[in-house]
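Take a look at these structures.
Same chain, two partners: subunit A is paired with subunit B first, then with subunit C.
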Partner chain A sequence: MAAVGGVESQPALPDFRARVRLMEMVAMATIVATVAFLTLYPIYYLLQASFDVGLPDTRPPTAYGIANYAKLLDYPAIIWNTLLVTFAATAMALVFGFMAAWILTRTNVPFRRALDQLMTVPYYVTPLLGALAWSFLGAPESGFVNQVWRKLGGTEALIDMTSPFGIAWVMALFEGSVAYVMISAVMQSMDPALEEASQVMGASRRRTMWRITLPLVMPGVLGAAIFVFAEMLGSFAVPLVLGTPARFYVITTAIYHFISQYPPRIPLAAAMGVSLFAVMFAMLWLYRWLTSRTSYVTVTGKAFRPRLMDMGGLRWWLFGIVAFYVFLSAVLPVATLAYAASQKIAVAFPAAANFTLEHFRQALSINAVRVAMWNSLILGAVTATLGVAITGMLAWIILRSKIPGRGALEYLAMFPQAVPRLVFAFGMMWAWLVFPLPIYGTFWVLLIAYLTVFMPLGVRAISGVILQLDKSLDECGQVCGASFLYRLRTITAPLLRPGLLAAWLLIFVASVRELGASILLMGPDSKVMTPAIVEAWFSTSSELTAAMALIQTLVIALVILAFGLLTRRVAHHGAGAQ
Partner chain B sequence: MKKRTTTRRTFVKGSLAVAAMPLLAGSLSQQLAAQGRPVTKVLDFNTTADVAKAETEGEFTYYSHDSEPGIAGILAAFNKDFPKIKGKYVRAQNSTLFSRTIAERSANKFTADVIQFSEPATALDFQKRGGYTRHVSPQAEFYAAEHLSNPVGDYFWVGVTFAGLAYNTEKVKPEDAPTGWKDISKPVWNNGVNVKMSNSGMQFVQWYELRKLYGDKFWSDFAKVRPRGFDSRAQQFERLAKGDDKLCVLAEYAGYLLVKERGAPVEFVAPADGLPAAPLLAGVADKCPNPEAARLFIDWHMSQRGQNHQQTDKFLYYGSVRKDAPAMPGGKRLADYKLLSPIKDMDTFVASRDAFNKEWNAMLGL
Partner chain C sequence: MTSTSAPAIAVENLSIRYGTVTAVETISFTVDAGQQLTLLGPSGCGKTSTLRAVAGLEKPTAGTIRIGRRTVFDGSKGLNIPAEQRGMSMVFQSYAIWPHMTVFDNVAYGLRVRNESGAALKEKVHYALELVKMGPYAERNASALSGGQQQRVALARAIAFSPSVILFDEPLSNLDAKLRSEMRIELRELQRRLGVTSLYVTHDLEEALAMSDRIVVMRTGLAEQSGTPAEIYDYPRTEFVADFIGSANLVSGEVVESDARAGTVVIRTAGGNVVHGVTHGRPVGPRGTLSIRTVHFTLAAKSEAGATNVWPARIIRSVFLGDLTQVHLDWGGQEIVVRQIGPPVAAAGEVAWLNAAPSQCALLEAGR
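What follows is the complex of A and B.
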């Protein structure tokens, strides 16, 4: 093994080792301090706001109390709506993600590589784009599907995407892709020998999947469940676009209305946001409890070659299932938006007089949009790169180090996920406004905000893979005298590479499509793209919004494509060198 | 661009011109003189801004509630007249803009040069907190006193947006078409009506004015048709155009023009009892980093040039309250409409904000 071979050349001087150990401690302490600072600093201001019962819009608060929390009881319908949609959407997303991950990583389904690429497309799409597309398709009156249905003789709406089920469906379609990325990263790192052993013992494919595959990938599934649940809890664009027309409000849309009315009810919104901590941490506790009960190690020192199950004729059915998901979550929405964006007023039945390319021309002519797109890409790349480094180390500290309080660190890292971004953004704004360094209103504050809010994404994406690595691999290097950093570089990082690359991609895309924090934190010289798209939806038309969202999606797709080619070339180069 | 000169002669001429203005109220001219700033003529309007200094500053930051294309348009129009001054902007909804600005100021961060709100209550609150730099513009003479802040110089009415009713001509039978405000509570509109959310200053004005006209029960009767609330006129008209809703109860004329241009089957109705009208208010922010550029922008915005731009830009279409304002697109002037605006009872209006929020949120199921 390279690591063991490399260790032989390590100096064996005790003071050198002590220095290295000291450096490791300093590195760990730095990471812990950074994470604690990034999360606790804005949370302090958020908590302060949630207890603010003093003069409105006066900072710091002039009086404190619990009246804002007491007011939450006035909104039982909103809390019920939120939980209903969140649980339904999480369950659906996990089913979509797990099925697709299993089919594409464990079976010999045709066009596997192409489908794998396509499965990630829904995640590249902003949630607003997905919501808009399904609104075009399934609004009770003007939805294209319902227009066609009525033309065929139907009287009532065939589908209603503004219903709670419709909202959960759309949320699940797009988050299913996230679940897929997280679960498939775990499945890729799983030794197929266990599944093969099951089949050799006479178990059917289905039984093998339920009794062997599912339990083994449980950390990934649970990690994805926690993350997707949190995403759903904080989901804003879909309930806003689809729920508002039906007078269906969830906590995020209620928060949005409370902070945008005059006088703004920020303390109540903060209390609503902070109260979600309880729900989120209950889920996280459950996750930790479940993953601590047993070992999920599948990647050991023993070499394995990923082998796929031969599904016979069933493989085409499996292909159909994944292809249909891709069609519903990527092809249909993008095609719908392209169709809608090329009409003056989007209707189901095309007419030459209604055709226009004006929306695309207008989208491309807005100078601020062009600048914002470029800014978003740069910020996305920097956030993803730094984010993977920080969250990778963080995940390692949480799962593999012996430092006291590492469990608390995981809860800490999940804080930003537990609060809707719209509210957390206020905490960040107040925090970074009073920070002694002049970073407010610059790219730096956006970068810090993105690193903070996407910390849970990185930790969750990388943790699932780390849990699968046998500690003995690292311990072997340690026994041979390799330092932590050396082991990290030569043993852990190469084994984690699929997970790290997946995390980079997830954080990059999440950054480019970020909305909640950007709206409040971007300054006149640091504009980013997604707020401009949402703004277009508010102030111009769905058709122009569709054109802008399509352009953004296309640019992201090109970047992802370039990233894929680059990483493949690097992998080839690495293989060649070895 | 025409050549500008700020010589002693033009200064004296400008000052004399101001002194000779017969229509200028005494207090206004005194306040203008008290500023001790020379009045110069630039292009075709008077300003008290030091244009050379403004060009040295080279930029200013505009905080506004307007739409992105609307803001970009007005900054581009200004930049066309003053190529050496670049306008940057921060855009947010009225209340978020207010919260952000207040938070910035409490942290001693002063980045806004010009700030525009869409609701008088917000502008008054901002004024009470000392948020504006007093700048009495020579353009103020073209505005009625009620369209300027009290005292003059904190903010002015950039324009007004007004609303009537609008309905979808394909979804509404001619005999059901509304003609007046009282028609909005008819059962025929059940689950087919839209209004704006309580975050809208315009919606607040409509609630206040129609309640004043028809009594407290007017809105509780309307609540029975289960209206849907939206954030912007663009969303309201889009739903109307596509037939998702049959009637728009807060149909801003500016939004109507925009959707009509796209060929939507929508008709505007101006009820005889009057059209609620809400102002947009802009002023120079206190301790702004680019004060001369900010003053110049405000003077330009108040002038015929700025007002003409906002009346004709399709993302704004705000009616000008300037006394000599040209006609709006469509040929009508603001004065041609009977507008309902809480100018005379502004204090009562502002004080009723909480009552409105409560009633409106409850009506929309929030």
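What follows is the complex of A and C.
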């Protein structure tokens, strides 16, 4: 990358220039090859396994065929379950997201800014924690809500979180916040004058809504729908916690089941993984195509201040709706886990003697838990630090360099987004088992997995920051005679710092709570926290699991808080430099 | 639609506040039918808020707004007719061309809202498009237009349904300078031809002077001066207007003589120069400031002795501006800027004779 600046600064020496160009090409080729290796090597082994119809437990395969794919048809229930849960969850998540986005961007709801911040909290609460909590609330027999319902005179269970709709409900609660972020961005990017023009020309509110507003936001909402659908298709934690005990499998949990059962059915699981990946890939391609083709709204990339409709007294109801969503997806789950974890055996109406701190004490004293938590934090910090460096470099090359091959690099770097983490980890597991380097079952393989699966996250976060940085700021430094490295140190890095810090935190949090990849790749000596929580859920008491999940959430919250306090000065300094 | 005898737009004691922020303190003006009134002022002066209040897009805090004989807003009665029922039209700063429609559909919108269809609709849309020279573009997708083309389509859309009042919110500010000066003239012609009443908002002086029948200069939510373009230009009321209109020399001193009936005033500056001017009906205090435009000064190599408003001044430098030459002079310790046609009468460092007709030296009112 240093070569990029060098090209212009030495125009008098063609020989030097040629050498720099050559170095640049070699460096770029190395980078592309590394990223391609990280992202495509596991997929290669996944594909190989899915077509393996030879002798079991023999690698490389002795025969190839499509029998594994044909076998998928023997499991229509899994396909049906997956579609049912995914469609139901997508529909609910979009309703939540659309409603919240409309309320928060278009009406004069009170405390708008606070609500907007709160809408992102479910993302930090995580679907796993939500699934655990909603299991306490809505298990058909022991669920708190059902206990209260029976106390009130009900006979049947009021809600059943182990049903497809229960699973979809919990998934939607947490994905709703993603849908909100996407849809509100679409709504904010619409010039309010487009609606005002219609209104001033005499169109009624309804006409304006149907003819102007909806057609303009629809492509964006549709894009969000496809994105959310793809995410739901690959979602793992919620169906694992809520569905597995009732033998309700969706495709992700089925893959996990086939891999972890004895004897494992690797080729079948691989065929399922490849099919899932193919569908998700197609969906995300569709999403990209749709948003790039019909996004008249976001064409300027400028955020407008939309006109707020005066809702009169209704605005407090709207406030209530959004607040209730945040309550269901963030407050209630955490409160439920706290309530459950502090009882000997969790019930809705405990006797005073039932309360205990034993589970917390136990969770903190189990060596395995302490080690796993510590491992997760270290691994998260290393992943975030390396990840920011690597994805920062990738984003810079993709957006700011003119080196040939940067388009391919972008595709490669964003590729893991189209693969559910569980499936990707499956490919990695299968790949690293035969790789000459003996890192399978160690932290190294987890680190490589995290760096790969969170590459799209990092590249996207940092790209956003780089795009905001006016090119002329750097060019001005160049004209002033500063070398590339000097400019990097004095101009680019200080301006990017707040964004890089935010990306660090994003990758850190994502790594610490990672489940799908970790559950397959961690070894006995490389335990991490989130899979440990899931293991505890299936093998020890649910109260202890609740305590563990709470401790993990608390630790993450503390890290975020400490990070915020530590970087406030830095971020402020960075903003001041702009 | 509305009677032509009453003013087409009448705004009375309008004030607009957002929480603790006052956008418009209080403003009143009327626009006669078929006329164009321009609200002129720097950004943040409340001109756009006023326009949006007339459109019904902004809710004022107090005052009344009448369109023709119909009251559309009355703060004391709590009356606020929504924008869609005010029967106006508007051209937006961002053009607000609907990107999901064709040019034709954009222009036809107001007509379709009014339940027009078929051949009549088609004819009116094409007429409007012809007026703005966008006829061949009817079937284009609106998102594929250049800025200037979007501007024209926005204009066609605003006039297509023959509204009696059109509001313009800085419609030319996103165009480049050349296109802007062309559109200025076209827009003025069109407004005259259609006889439509228009309320126009801009921060661009030339635009306001070229296009308006009347101008209201606004500053921090209040009207600073209102009048015809010539009046505003020749007799700025306050230092703010003189400064905003630009290219004026402000000369202050103690008042040594004044004649209320003749409307004349004489001041003596700190540098000892005596300047004769006109009061233009403005109150005369113990001190006064006169505004003298740069082009209203003349420079001569020689002068008649003892003539009124003739002073010696030393040339500091002259700057060639193309059509004009700008000469900076030291005038008894004060710098005076003169713009004239042709080369300066003397070189830098030499003394020339500066002259200004007393009728061109207008007394200002004390500013706020």
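In this text, the second predicted complex is superposed on the first by the 322 of 578 C-alpha atoms of A that agree within 3 Å, B and C clash if a C-alpha of one lies under 4 Å from a C-alpha of the other, contacts with A are read in each partner's own complex, and residues count from 1 in each chain.
By definition in this document, a contact is a pair of C-beta atoms (placed from the backbone, for glycine too) under 8 Å apart; a residue touches a chain by one contact, two chains touch by 3 or more.
Just so it is clear, the model here is predicted, and its values are computed rather than measured.
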Partner chain in contact with A:541 - subunit B first, subunit C second, else both or neither: first
Touched partner set for A:72, first subunit B, second subunit C, both or neither: neither
Partner chain(s) touched by A:205 [first = subunit B, second = subunit C, both, neither]: second
Which superposed partner A:378 touches (first subunit B, second subunit C, both, neither): neither
Subunit B versus subunit C as contact partner of A:57, first or second or both or neither: first
Which of subunit B and subunit C A:290 touches, first, second, both or neither: neither
Subunit A: partner with more touched residues, subunit B or subunit C: B
Partner chain in contact with A:193 - subunit B first, subunit C second, else both or neither: second
Which of subunit B and subunit C A:215 touches, first, second, both or neither: second
Touched partner set for A:389, first subunit B, second subunit C, both or neither: neither
Subunit B contact footprint on subunit A (complex, rising order): 57-59, 77-78, 139-142, 244-247, 249, 254, 257, 259-264, 266, 344-347, 353-354, 362, 366-368, 426, 429-430, 433-434, 440-441, 519-520, 522-525, 532, 535-542
Residues of subunit A that touch subunit C when the two form their complex: 191, 193-194, 196-205, 207-208, 211-212, 215-216, 296-297, 299, 307
Subunit C to subunit A touching residues, read off their complex: 55-57, 82-90, 92-96, 98-100, 109-110, 113-114, 143, 157-158, 161, 167
Touch list for subunit B against partner subunit A, complex: 61, 66-70, 72, 88-96, 98-100, 102-104, 106-107, 109, 111, 119, 121-122, 125, 197-199, 201, 226, 228-232, 234-235, 238-239, 241-244, 262-264, 315, 353, 357, 361, 364-366
